[in-house]
Amino acid sequence: MESKLRGSHFITEQDWTIEELETLFALAADLKAARAEGRPTPLLPAKTLYMIFFDASTRTRNSFETGMTQLGGHAIYLSPDRMQISHGENARDTAKVLSRYGEGIAIRHCAFGEGNAYLRAVAADAEVPVINMQCDVYHPCQILADYLTIREKFGNTRGLKLGVAWTSAPNYVRPVSVPQSLILMMPRFGLNVTLAYPPEFRLMPEIEAQAKANAKAAGVRFEITHRFEDAFEDADVVIPKSWGPLVTTRNTAEGLRLIEKYPTWRCDRERMALGKKHLIYMHPLPADRGREVTDEVIDGPQSVVYDEAENRLHVQKALMALTM
Amino acid sequence: MESKLRGSHFITEQDWTIEELETLFALAADLKAARAEGRPTPLLPAKTLYMIFFDASTRTRNSFETGMTQLGGHAIYLSPDRMQISHGENARDTAKVLSRYGEGIAIRHCAFGEGNAYLRAVAADAEVPVINMQCDVYHPCQILADYLTIREKFGNTRGLKLGVAWTSAPNYVRPVSVPQSLILMMPRFGLNVTLAYPPEFRLMPEIEAQAKANAKAAGVRFEITHRFEDAFEDADVVIPKSWGPLVTTRNTAEGLRLIEKYPTWRCDRERMALGKKHLIYMHPLPADRGREVTDEVIDGPQSVVYDEAENRLHVQKALMALTM
Amino acid sequence: MESKLRGSHFITEQDWTIEELETLFALAADLKAARAEGRPTPLLPAKTLYMIFFDASTRTRNSFETGMTQLGGHAIYLSPDRMQISHGENARDTAKVLSRYGEGIAIRHCAFGEGNAYLRAVAADAEVPVINMQCDVYHPCQILADYLTIREKFGNTRGLKLGVAWTSAPNYVRPVSVPQSLILMMPRFGLNVTLAYPPEFRLMPEIEAQAKANAKAAGVRFEITHRFEDAFEDADVVIPKSWGPLVTTRNTAEGLRLIEKYPTWRCDRERMALGKKHLIYMHPLPADRGREVTDEVIDGPQSVVYDEAENRLHVQKALMALTM
């Protein structure tokens, strides 16, 4: 399994089988244990990962770069405005050249309708693995971390109820990639998923259809609702998170206006009380405190957001060690 | 001593005892010797330091990043405008998340009235050491380097006279952190300190009070004067350096105007001649040549500015090796 | 030879003897083989290279930084706007201070009339090697890679015909450093060089004179022509590449206008057919596809642009390992 993954791209978790993902989770758990023990893990000695960021980042950049250091290699932070991409270099040249120098290319590109296409263009010409650090369609590394966290908390994940709920958060239109990757992958691991959003905030139709197909194949429930509380009732896990009405409108002002139409879509103690006793709260961060979630919840005992953030490191190290 | 320092923050040298600082200087001297000998010093293998810079830097960034490489680890240069801090991430989330990935957080944040508060907020939630790379109140790493330099030049530092003098330098309002950390720490190591500035350029009252208390406890002199030459007369060491009238006015235009009111506060050969024969000239750099100091002095035989800059590397490596 | 090179600057390949350059190419070939074999090459353990970029870069930054990682060290990417250079720090202070921390300083500074002078100013005060990552006059690392590529393709390079041709490319005025370094170095290795450009695009007169002298000393031909096809006829290697009319005018608008005066100076299949059967196409990248060269040529079987880009890595690693 491991050798088969060497050289593989990771643009969406949908392209990887359950067995392949289980290999990754097993290695992630071992790397996490190694770090706790202080055991060195020089799996990628003197190897280089290129990280191209079209968008700002804290967790993603630092977890990848730190991960490469812990694996014995080095990650280079690249910003398109400082590269020849700003002089019109195409994806093919970037892919071909970086493939000659280092061992992997990771890209964040969230512009709706552009990001995934750019990743696929680079992947088509790259001779090294291309890793998706979040695009307009998918955020697979986040979802790997989310799943590892859920498994750590519950052991067996089959039959759990996961609520994925839209929340209202101002100032900018957030990508839809997190909820999309969540509804795609979680059913494959046996979780029943309830997705709640106001009508204008639907996800890409082909992704919702794929999520339904994944759930059916796995024998679990996947339902879409327009009532916030449905995501919380009797849930084991909730991930309330804002995203933009990108499928409805590409107009930013209109998008921001629609977000303000539903100010009560906020995770608070009352909503948390609707779930099972052991309900956990997750969020990929950064959360808009006060708007998406009350401090009481995100800083409270049900919140596992820092464990979730930490797991980014471990799953990504496993991903790099397997593919690069 | 060493094990007690592991995990300690370094926000101000005032929080560290003389014994702890001596441990640091001893290790710094050993690391300096190791570098001269070509002896490897992998004290922080595969470890990561996050460097968050709210302000520009040459010496600080390069000495920390190079230091981590020489210790076997890696330092990541972070700029808030490229991080989710620009999307409103709070200090708590930054602290908690980076603590999960790496082994130390270093911050430069010089905005008057904000920087130190931000460092303390991060330190409150960080599970790894927080290192001050200069804030609005302190610049402890600079002063460690300054002290190591003085000790190297003079051996015993007890009874030496250090003159800390304000100088006039245009274009921007420089922080008060260098003179403040100087007057706080130097008396504790037995130096008599004369601080000279025009009235509008006084330092934070609580810092001046603490400096007086430190001098009293150490049995040395600490005096404040408004005559430039007082800092030079009979001195062993002078550190003439510009800072802004931040305690007097927060208005930048007014601040720049006050700086221009005292153009003769410049270090030149005549002033240097007032000191002892072996008087040395120090400056943390960058100096405004021609305004703060004449080329003749800064490039002359009494200047030890490059030794001083080099010592940033050695003291910071010791600091990281002891705390991280 | 190797020990003599330790500490040497590399501002122009003109300063290095053929024997020194051959030492470099031999090490480059060995490092290339080592990488293919997976053999570690920790020649610069824990050493630091500072890369100061006044201009954008993809290949240069990534090949140097990756190279340092592969040699066991680390390269720091520095941008003057984030350094104290933006606060007026002079070349001397930058040189002196970085020399105290790390083992090499690499600089890209292409501003016409400024770049080379800055490099020489830093070199004058640096106590570590200064490496030219492209200035207004020279791009020696590119030409090292070009020559290694030609040698790999042809074995013996003596008597080959190299055509260096100007091409028309819009939007910005490109430096003259690539053609200048090409005409300087290639004759020394026995290549006959034909340089073709429209009259307004002549190179710096002293560089053309030096190229003639180099050719004469080596007993090969060097000719300048104003007919595009002359560079291709009977050639073994062509390097068609745009540059600005910097010697003719420093006015950008006028420069861009002159570039548009010669739209037919584009490398296409017809021109390639003028060369020898085994003619190869080279370009330092990024190429303006459609304007400088047709996709058919740059993506076709005669193009060796990615091999050429890859060789940047190998020659620069050899350069760093020999000098640092």
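Side notes on the structure shown:
Residue numbering begins at 1 within each chain, and the chains themselves are lettered A, B and C in the order written.
The definition used in the following text is that contacts are C-beta pairs under 8 Å (C-beta built on N, C-alpha and C of every residue); 3 or more make two chains touch, one makes a residue touch a chain.
Because the structure is predicted, anything quoted here is derived from the model rather than measured.
Because chain A and chain B carry the same sequence, their contact can be compared by residue number, and under half of the numbers here are used by both. Matching the C-alpha atoms of chain B with those of chain C calls for a turn of 120 degrees, to the nearest 5. Chain centres here are Cα averages; for chain A and chain B they lie 41 Å apart. In chain C, 74 are the positions where the chain touches two or more neighbouring chains simultaneously.
Interface of chain B with chain C (complex): residues 40, 42, 53, 56-59, 61-63, 65-66, 69-70, 72, 74, 77, 79, 171-172, 285-289, 306, 309-310, 313. Residue ranges on chain A touching chain C, taken from their complex, read 45-48, 50, 73-74, 76, 78, 81-90, 93-94, 96-98, 100-102.
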